[in-house]
Amino acid sequence: MNVVPRSAPRIPALWLLLFALGGLGTLVLLVLIVGILSGVIPAIVIWLGGVILANIAIVRFIVAATAILLFTIPTAFVIIFMELKVIAFMNLRIGPNRVGPWGALASVVHGLKVLSKEDFTPTGADPTVFTLAPVATFVGSVMAFMVLPFGPGLFGVDLNVGLLYFFAVGGLGVVGLLMAGWASFNKYSLLGGLRSAAQMVSYEIPLTLSVVGVIMLAGTLSLNGIVQAQSGSFLDWFVVRQPLAFLIFFIAATAEANRTPFDLTEADSEIVAGFATEYSGMRFGFFFFAEYVNVFLLSGLAVVLFFGGWTSPIPWPWPIHFALSPLESLIAILVLLIVVPVVASFLLAIPIWVIRTRLSFARAFAMGMLLFGPLATAAVLIYLVINLDALLGIIWFFAKAYVFVFTFVWMRATLPRVRIDQLMGLAWKWLLPASLVNLFITALAILVVHP
Amino acid sequence: MAVQSPSLDDPRVLVDTPAAIVDAIPPYAPRSEREAEFYALGDGQMLLNIGPHHPATHGVLRIVLKIEGERIVDLDPVLGYLHRGVEKLAENADYHHSIAYTDPLEYVSSLFNELAPVMAFERLLDLRVPRRAEYLRVLSCELLRVSSHILFMGFMALDMGGLTPILYSFIERDEMVDMLAALTGQRMLFNYMRIGGVNGDLNHEFLSRLGDWMSRAGRQAEAISTLLNENEIFVKRTRGLGAISRGQALNLGLTGPNLRACGVPFDVRRAHPYSVYPELDFDVVTADEGDTYARYLVRVEEIKQSIRIIDQVLHEMPDGPVMARIPRRITPPPGRAWAAIESPRGQYGCYAMSDGTDQPYRFRIHDPSFVNLQALVPILPGCLIADTMAVNASLDPIMGGVDK
Amino acid sequence: MLAGPVRQRHDQTEIRIAAGDVVDVLRTLHDDPAFRFEVLADVAGVDMGDSMQVVYHLWSETTPDWLRVIAVDLSRDDPRVPSATFLWKGAEWMEREAYDMFGIIFEGNRDLRRIYMPPDYTSFPLRKDFFLADDAARSPGQGVRHMEQVHPPADSEAPIRRARGR
């Protein structure tokens, strides 16, 4: 047996890291001191600030685009997890339960798996189009996100033709699917691509026509404006005034998002996986992502158009407003910070001490302090939620949107798939006339009520 | 040495002939009139190869569709991907042994696979089976028929895109195979039927599980079937689809629920009674439409009839032995025997020839799904691609049985 | 027309006919209102060792028995029999199977090609001179042999198993 002697004692990795960080920190500090003393850094900061202030719209756009791109990833993960777990419960299964609490990280592991797989291009496929197809689909979905208002003031861009932009860009996804179907050199893919083209083009029409009534009521194409037109209680939501439009919109949105019962483009029991048959690895992952992002997108649109967007169903009746001068508020905050924890901990400790007589008071006081922590956090959060409209708006928006996401998942667990001729028949023979009738009635009502 | 034409599975075929990639035309001269006709493509037609590895072909069925857009012009089912040569194996095994070979044929209802050969062998031997054994055979077979039909409902939904019913079906099937495992000692391939009787008598675990299940069986089957019966999409997709007329069905040699859905009350249990079926009271379920939905409904109704039979069997089962006294080495006198039973898929037959040795001279299995599957060829043209799966599921083929 | 005695045993009646009479016999059995054998239960080939047979099983509501029609004495080198597809289209695949397994040619079957075995297969597995590769059972061809060996090898002592009795 050969034992190789160590020439030097082993340094723990943590220490090495700390040494390196310390060295780096010292260096950065030196550069900063020199820079500030010589006046270079202040000049750069002032110049940068000027540039940012001058181009605030562009900066806002970049920040929003980044935020939305980042936002799509957890959204897709959450919806995939919902799909795994909710369908499992509806199937009387347990579903994922290995990774994370209740298997919540299963979709993340799916994502990692997809990343680590081989990107395979089949012989005979058109490599350029084959590679670009998932990108086109994904970009289409993400771009549509830019106009979706998540809360008051929280949107990428407030276009005055927002809805038009939404449908136009959302329709880009079909190009990606068609590209995938054509470039894969596989008959299943081709059939899936053509089915998706036929389906999307057909359902685009009732989808768009169904919301014209809403546009007429709101008097604007801006999604932000449409939400504001519905502010008030839940009785002001457009679903109350346009129930038929909402029904048509929801059916068409299901078809547009390729969800069961209209998931003919990837009908697994017929054409294997449709356009995605030949895809593997991250390219497949992009399709997968785009599908789930689309689900959230259309849920969000349904909420914005018919369910009042970020507005709460019942307006908060007791607004809390503190009007204090800066000095007063400073003193108040100091007092709060010093006095309130002590007093509250003391108050919480007394009942504990009284009930558990064997505890010393010091211990009871410590427990009171421990209890106080979460309570105070909750109180501060509740205060913020009530007083910060944006936070409250986001919460309402997501709550409503996820109701629709849940409905999509629910339908997937419940319904079988329709046939292609029935799908087309539904779009052209039922939804299109119904949306036209709805449009006519809405116009008539507007004429009668507000001449 | 004769030059062999390359087989269809040879990857070189695809690389060498670009046309073969696009249209899956076999790389050899057509072997029959029909093959030549099928692989001649008309204007605007293409071949779509479905299977043998496809999510909805119930195993390893391969169907070559000739399509025009989404519409099917013609089709050619290709079999043999699961062929195990069970007949040949059985001819080289002794009589007891060959029963075990038949088990994995129709793996969803394996007791029926055993029953037909066992009955054929008993006729070769002129053997009388104890009545309790007959009742046990009927009991276990009817349980398995319920399980098979419930599984059919699930698979039919799955082939049409419904995810949930299959899992509800499997809950029931799981309970039933566990129950039968308590009776037979095996969970899937029971090997319960023996020449001259059955392998084991009733036991406590089986009876308690059976009683538990019987108390909710009807309700449960009803619940699963209403998932589909009352689903507008399901009904619209199946009603009127793939209709077969009475004459056509007889001409095609359909049997079982597929034939009864066309209005022919042919059920071997009544048409040519065997075992103790003449003493049991049940109805032969028929429907008149002959379409996919009728085939589904007939099976749903048959579940109820089977539960009725199980109930009667449990009440009327006599005491007595479960095995006749037979020697360990069986040498039937030379002769021929045919036994047919009603399996969940139709008439399951076994033709056995003895030459006086302890191995069957000829052992022929007639599988109903093999014949039923032929019906795809006349009824599918004119339908859409998606209908292939619905019709195929409604014929309920089990490829293990089709490919023997 | 009968090529042998009519036998009755258990619930089966057996008649034997020559291969040339298959069409007439089956048509009469199917069409004659006295018989009405509407259900073709089975078509099977049999290798008797020195000749071939094709066995039909028929069912009719007019009789409680299964009817077994056996077309006997087909030559082993070139077994030919008329197809039953003109009466029962469903016989097509069963005949294909008999062709695949025994090499029996059914004249009039439009689709007579192999059904189980691959297209480039040359032998007929259920014939009695096709030996299994395994030596587990007491098969006449002892030892491991090539699957597609139609004739027994020269050094083999093993006889072809022939049907005895009837």
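As written, the chain order gives the labels A, B and C, with residue 1 at the start of each chain.
The criterion applied here is as follows: a contact is a pair of C-beta atoms (placed from the backbone, for glycine too) under 8 Å apart; a residue touches a chain by one contact, two chains touch by 3 or more.
Note that the coordinates shown come from a computational prediction; the quantities given were computed from them, not determined experimentally.
No other pair of chains shares as many C-beta contacts as B-C. Averaging Cα coordinates per chain and for the whole protein, the chain whose average falls nearest the overall one is B. Summarising the inter-chain layout, the chain whose CA centre lies farthest from the centre of chain C is A. One inter-chain figure worth recording: chain A and chain C are separated by 68 Å, centre to centre, where each centre is the mean of the chain's CA atoms. Rounded to whole angstrom units, the spacing between the C-alpha centres of chain B and chain C is 23. Averaged C-alpha coordinates put the centre of chain A at 48 Å from the centre of chain B.
Of all residues in chain B, those touching chain A in their complex are 21, 46, 48-49, 54-56, 70, 157-164, 167-168, 171, 228, 231, 233-234, 236-237, 384-389.
Only residues 87, 90-93, 124, 187-188, 191, 260-261, 263-264, 267-272, 412-422 of chain A touch chain B when the two sit together in their complex. Interface residues of chain C facing chain B in the complex, by the touch rule stated above, are 9-12, 14, 38-42, 44, 46-47, 55, 57, 59, 61, 64, 66, 68, 87-94, 97, 101, 109-120, 122, 125-126, 130, 132, 134, 137-139, 161, 163-166.
Of all residues in chain B, only 2, 4-9, 26, 28, 31-35, 79-80, 83, 85, 87-89, 91-94, 97, 123, 250-255, 266, 271-272, 333-338, 340, 347, 349, 351, 353, 355-356, 359, 361-362, 364, 366, 370-371, 373-374, 378, 403-404 touch chain C in the complex they form.
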